[in-house]
Amino acid sequence: MIGGGRDAFIGAVHRMAANLDGQIELVAGCFSSDAEKSRLSGQDLFLALGRVYSSYEQMAEREAKLPAAQRLDFVSIVTPNHLHAPIATAFLQQGFHVVCDKPMTRTLEEAAALREVVNRSGKIFALTHNYTGYPMVKEARELVGRGEIGRVLKIVAEYPQGWLLDQIEASGHKQASWRTNPEQAGASCCIGDIGTHAENLGRYITGLEIDSLCADFTAFIPGRALEDDGNLLVRYKGGAKGILYASQISAGEENNLSIRIYGTKGSLAWKQEHPNELTFHPKDQPARILRRGNGYVSDVAKKFTRLPFGHPEAFIEAFANIYTEVTRAIRDRLEGKPAADYDFPTVEDGVAGMAFIETAVKSASSDQKWISLIKH
Amino acid sequence: MIGGGRDAFIGAVHRMAANLDGQIELVAGCFSSDAEKSRLSGQDLFLALGRVYSSYEQMAEREAKLPAAQRLDFVSIVTPNHLHAPIATAFLQQGFHVVCDKPMTRTLEEAAALREVVNRSGKIFALTHNYTGYPMVKEARELVGRGEIGRVLKIVAEYPQGWLLDQIEASGHKQASWRTNPEQAGASCCIGDIGTHAENLGRYITGLEIDSLCADFTAFIPGRALEDDGNLLVRYKGGAKGILYASQISAGEENNLSIRIYGTKGSLAWKQEHPNELTFHPKDQPARILRRGNGYVSDVAKKFTRLPFGHPEAFIEAFANIYTEVTRAIRDRLEGKPAADYDFPTVEDGVAGMAFIETAVKSASSDQKWISLIKH
Amino acid sequence: MIGGGRDAFIGAVHRMAANLDGQIELVAGCFSSDAEKSRLSGQDLFLALGRVYSSYEQMAEREAKLPAAQRLDFVSIVTPNHLHAPIATAFLQQGFHVVCDKPMTRTLEEAAALREVVNRSGKIFALTHNYTGYPMVKEARELVGRGEIGRVLKIVAEYPQGWLLDQIEASGHKQASWRTNPEQAGASCCIGDIGTHAENLGRYITGLEIDSLCADFTAFIPGRALEDDGNLLVRYKGGAKGILYASQISAGEENNLSIRIYGTKGSLAWKQEHPNELTFHPKDQPARILRRGNGYVSDVAKKFTRLPFGHPEAFIEAFANIYTEVTRAIRDRLEGKPAADYDFPTVEDGVAGMAFIETAVKSASSDQKWISLIKH
Amino acid sequence: MIGGGRDAFIGAVHRMAANLDGQIELVAGCFSSDAEKSRLSGQDLFLALGRVYSSYEQMAEREAKLPAAQRLDFVSIVTPNHLHAPIATAFLQQGFHVVCDKPMTRTLEEAAALREVVNRSGKIFALTHNYTGYPMVKEARELVGRGEIGRVLKIVAEYPQGWLLDQIEASGHKQASWRTNPEQAGASCCIGDIGTHAENLGRYITGLEIDSLCADFTAFIPGRALEDDGNLLVRYKGGAKGILYASQISAGEENNLSIRIYGTKGSLAWKQEHPNELTFHPKDQPARILRRGNGYVSDVAKKFTRLPFGHPEAFIEAFANIYTEVTRAIRDRLEGKPAADYDFPTVEDGVAGMAFIETAVKSASSDQKWISLIKH
């Protein structure tokens, strides 16, 4: 693991997700650029001292030299955005597989370059768009794929949060500080941090690609260099329309990602804060509440399910499902099996996400109504 | 009553709303331009035959000649949109007060002209933006007015329906036919019919005026001349932002008007299909579920409440609240009292609504991103 | 109308319900045993002074002497419980049809006697167990009747309220005073006032009769002569089991009547505070949310529906549905038509309700576990 | 771990819960009485072959002889009920701490004997009443403890499931088979398996002890020796009243444990299937929706929280919280620290649970209305 030292948020999530199934063992890490902090974090995690590093370059180099039986199989990158690309590149080039947090890079240009590195390396690269790991999201994708809602006409994807309603970055709040800093976060705060999840979720479920979009960005909090609220109208290839918005200044909202998808034969609705349920509303019929773990859900939703119905699963399990598939892919590779059809977000998702972010940023400062999705 | 014969929808609603409190008696009507249908409808309603008319002109004229004690006090106009202005004008000019369904007219020009007529007549004119009649909507307005959510930053107003997902106008569905016909509905179907409710609701609660907007209209059903889905980004005067959308092709949606209002100190959320509840979420505090009929709600919400808590009120009561206020205004007039501060939508709301509709129509066909609200 | 003067609760509800469809006109009343109060109430309601009475005996007598065309068709009795039987008897004996609030009488003995009077009179007698008037309750009955949930195994009927958590009768609260007074309410407060609704609702939907029950009554508020909380285990004829409870001291509860019915093939759930929805959960299938006004509901639910889907109906409309059926029955009688299969609660429901209440009271003071339903 | 081989349910849950925080390592196990199955299960779990046993006696004995640094610290017992006592006894007597699934034993007598063993051993013994591990359950306990809802008047604890509506034990369903078999489950199926959770939950939150109860048990499925549905009226010491029911034949119900607690100043409601929310309804005030992870929740709820608000936690995290506290207790012991006030269910909870189950069983076959809780 690179990043995720004491006080970090997403690093601990990655570790719990990776621990859950007892298939992955944390053996080495560089948890902070501060050597002491990295060391203490490694100690918290019962790591052998010799495998706690204070720079990722050192870690990539030294781990690559270990005998195969000891050497790590893959790294998880859980740093702020601007470090994703250099760290991923370093490890890929040393022959390691990579799991990387989203958004993939700071810029689309970096993303395209990283894609080159991934492709040249032939290594596995997974991006933790974790919300696609939820079984009922996979069920939604199956239902769309089977034509249960007909042709998709409209997608409404919402991602309101409220935690940046105060200027907490001013008093040193770590999570807020890097996200609102263009140097670390890139050209977008709100759309880059969470809007990209909403976009990815819609794409994962429906397969629809954005044709063009129209964005209105606002930095409601004075002194903030990046937007903390972004509202988009979307036109998809093939004629579907969409509304996609993300906000970090919506008082009372926690992490209220939701998506509604309307087709010619029915609709679907899913809310991240109640992830075990998916509403499927066939046209002119009663809405049906599909719940995780039941016999009537598809095989793919079952495959990513650990507990019986009524025993709720949540965020960590969904996150772990990304790791489940990465583990399967790496194991197949180690065992010399041919690659299967793994269900995790790839470098292509990362490039598409960066293209979305940069297009939204471009639109936000343009007087032109519709901005085509930047080629990527 | 003018309009609202057998098979009409909104006429029956107006009658139930007007009946509810036993303050209003239906004494005359022109229920259809088809004389026989008008007569039969009048008979259904126990009217004296002599006061059932087959043209509104005739009705306005004859009723005006009746002795004051017999003469009607006001008319309710519940016809398709294109007839609102001429009928209202006829009755206002004969000295009657008018209750008129929304949208007020077919065009903004007509609306401005009607405003002139109203103002010259000195008569009471009420527009049935009925959703503002709900007690918990009034509570929301009170909370905003008292500063409970601070300065408003963002409004998300949604109004999805699904009933026009099939081309039911092709097989003669009456409600669908006139709403999708530009001759009767005006330049907009979806935004004109229901988007205007969403706009009015936001304005009623927050007092915010639209500065400019950016609209994307779609007629998803082939052969439809007007949009059946409209998505808008909104900029309010003073810096608040908004998303406003309406749809008639959203499978599974019934009449799902909802509004969320985010301020600097908290947020509010209300859903028309569960109208007895209002969620007030103060920043950094638990959400509070405010329910109609409780001691803790404001006096204004109490005033428009008929039943104790837990005995749900709904659509008809909210509609009736418009009539309650109109009745109060007319009674004050009849009793020679000075006009009070009545809480019903007026001709000004009607003009504002038409300006909103026409601006949205204009934006929908423009390449320019932001279209300023048309002066009105 | 007898009862329902200024400050009463249920009288106003009856009037709104009766007004709603414009089929019933209030022409006479005795609104209070206080002549002045009765007169003022009649004036509020625009009644002719000559038809506002200060005693029900006088009213029954004088109205009976009016010419048929002027004479009232039926009376609505909305007084406290102890007056139901004498008033109903007086009017039935003068040849009037009667609508009576529940519980029907103060004792089972009175109920049986009233049944005799009704049967001898040949008049229509309806009891306003208004919750059976909700369209989705009727839908539930239809689903059970059609075998959609198989054989019923278990009924869980809950009716918590919280309004008597303080001893408000001590400070003269009118509604609280008579309900907690055995002289006026009978031998039970909570079960008599609201438990009987829960019992009636279960019987209406499933047709199951109680075989025996086991009750635990509590008067939580010191000084209260009757229970303010009653919990029952129930055994139905044929083997189904039940839990039925009612409470008036459950803080935060408003009027939260709900019922869940579990059968061999599926279950149903309905909540009075969200009356437009009925959850039907077929075994091993997704739950289905059935909503009032849709094409897929049964004809009987449609028949008792006034508004399209998504335009919520509520308490008053359900109440009005009792009046709808009573009106139909009286009109058939007036027009000399044979009686049809009317859907309103009758004197038999009233007797059954009183048997239920008295059995519960008997059980509550017994050491015996199961008390058979008192024959009635 | 003893039990929890391939195809078991709760063993896998224990492992995920124990894995989650990276504080516990599975080093030995006896996963089945079938040696081959145990071996294969151990292999699945990456255990050293030498530490996979085919009998728990052998395991207790051999592990006790290992050097302290290698020896396991504690065992988790996840077998059917009838094996809990002998296995726990064997390990306690060899000096190991024990985590044991619930219900603790097959009989109250066994439970009392096990208590003796635990007390004599001086070892840590934890019972996995996992629902008390949820942060918002702990919050409920805090609120009750702080007097926020006043004196508790009434508890309504419900635990409906539907998975035994068919006689799946007849076709060899493993989970169903032992639960419905008195030899393995003890004298109760439904109340023993899940009713005990409901009882424990109420006791944990309120501290109230049952004084007496009145139970109605039903085996709805022909041929079932134990009840699959149990309904109880409860009287608590000090005057509170309760309804407690559990069911395994409630079609459509998954694992719908819920509890509502009504006090003199307010009420609380929590539902296991939406565990991140707790409704606190102060009397005469709006209900407040308290959500896990917010600053306004108590320190104890925060302490058992891993993710920020809006990132839902669920069943596994709650289960893990039992392990968190057991780990803390064992670590304190290993480090020679004095015992702290650990928050996990103990052998006393297990004895109390068995007393509850046996009292319910006794009541179910008694004609006496109230059966006092068996002394324990």
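We call the chains A, B, C and D, going by the order they appear; numbering starts again at 1 in every chain.
The rule is short, and it goes like this: contacts are C-beta pairs under 8 Å (C-beta built on N, C-alpha and C of every residue); 3 or more make two chains touch, one makes a residue touch a chain.
Nothing here was measured: the structure is a model prediction, and the numbers come from that model.
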item: B-D or A-B - the one linked by more C-beta pairs in contact; value: A-B
item: Centroid comparison with chain A (C-alpha atoms), farthest chain; value: C
item: Centroid distance [mean C-alpha coordinates] between chain C and chain B, Å; value: 35
item: Distance from chain D to chain B - Cα centre to Cα centre, in angstrom; value: 55
item: Inter-centroid spacing, chain B versus chain A (mean Cα positions, whole Å); value: 43
item: Junction residues of chain C, two or more chains touched; value: 253, 287, 291, 294
item: Graph class of chain-chain contacts, one of line, ring, star, complete, other; value: complete
item: Sites on chain A touched by chain D in the complex; value: 9, 12-13, 15-16, 19-22, 26, 45-46, 161, 253-256, 272-276, 291, 293-294, 306-317
item: Of all residues in chain A, those that touch chain B in their complex; value: 149, 153-154, 156, 158, 160, 162, 165, 214, 216, 218, 220, 229, 231, 233, 235, 241, 243, 245, 247, 249-253, 260, 262-267, 281-283, 287, 366-370
item: Footprint of chain B on chain D - complex, ascending; value: 280, 284-291, 294-296
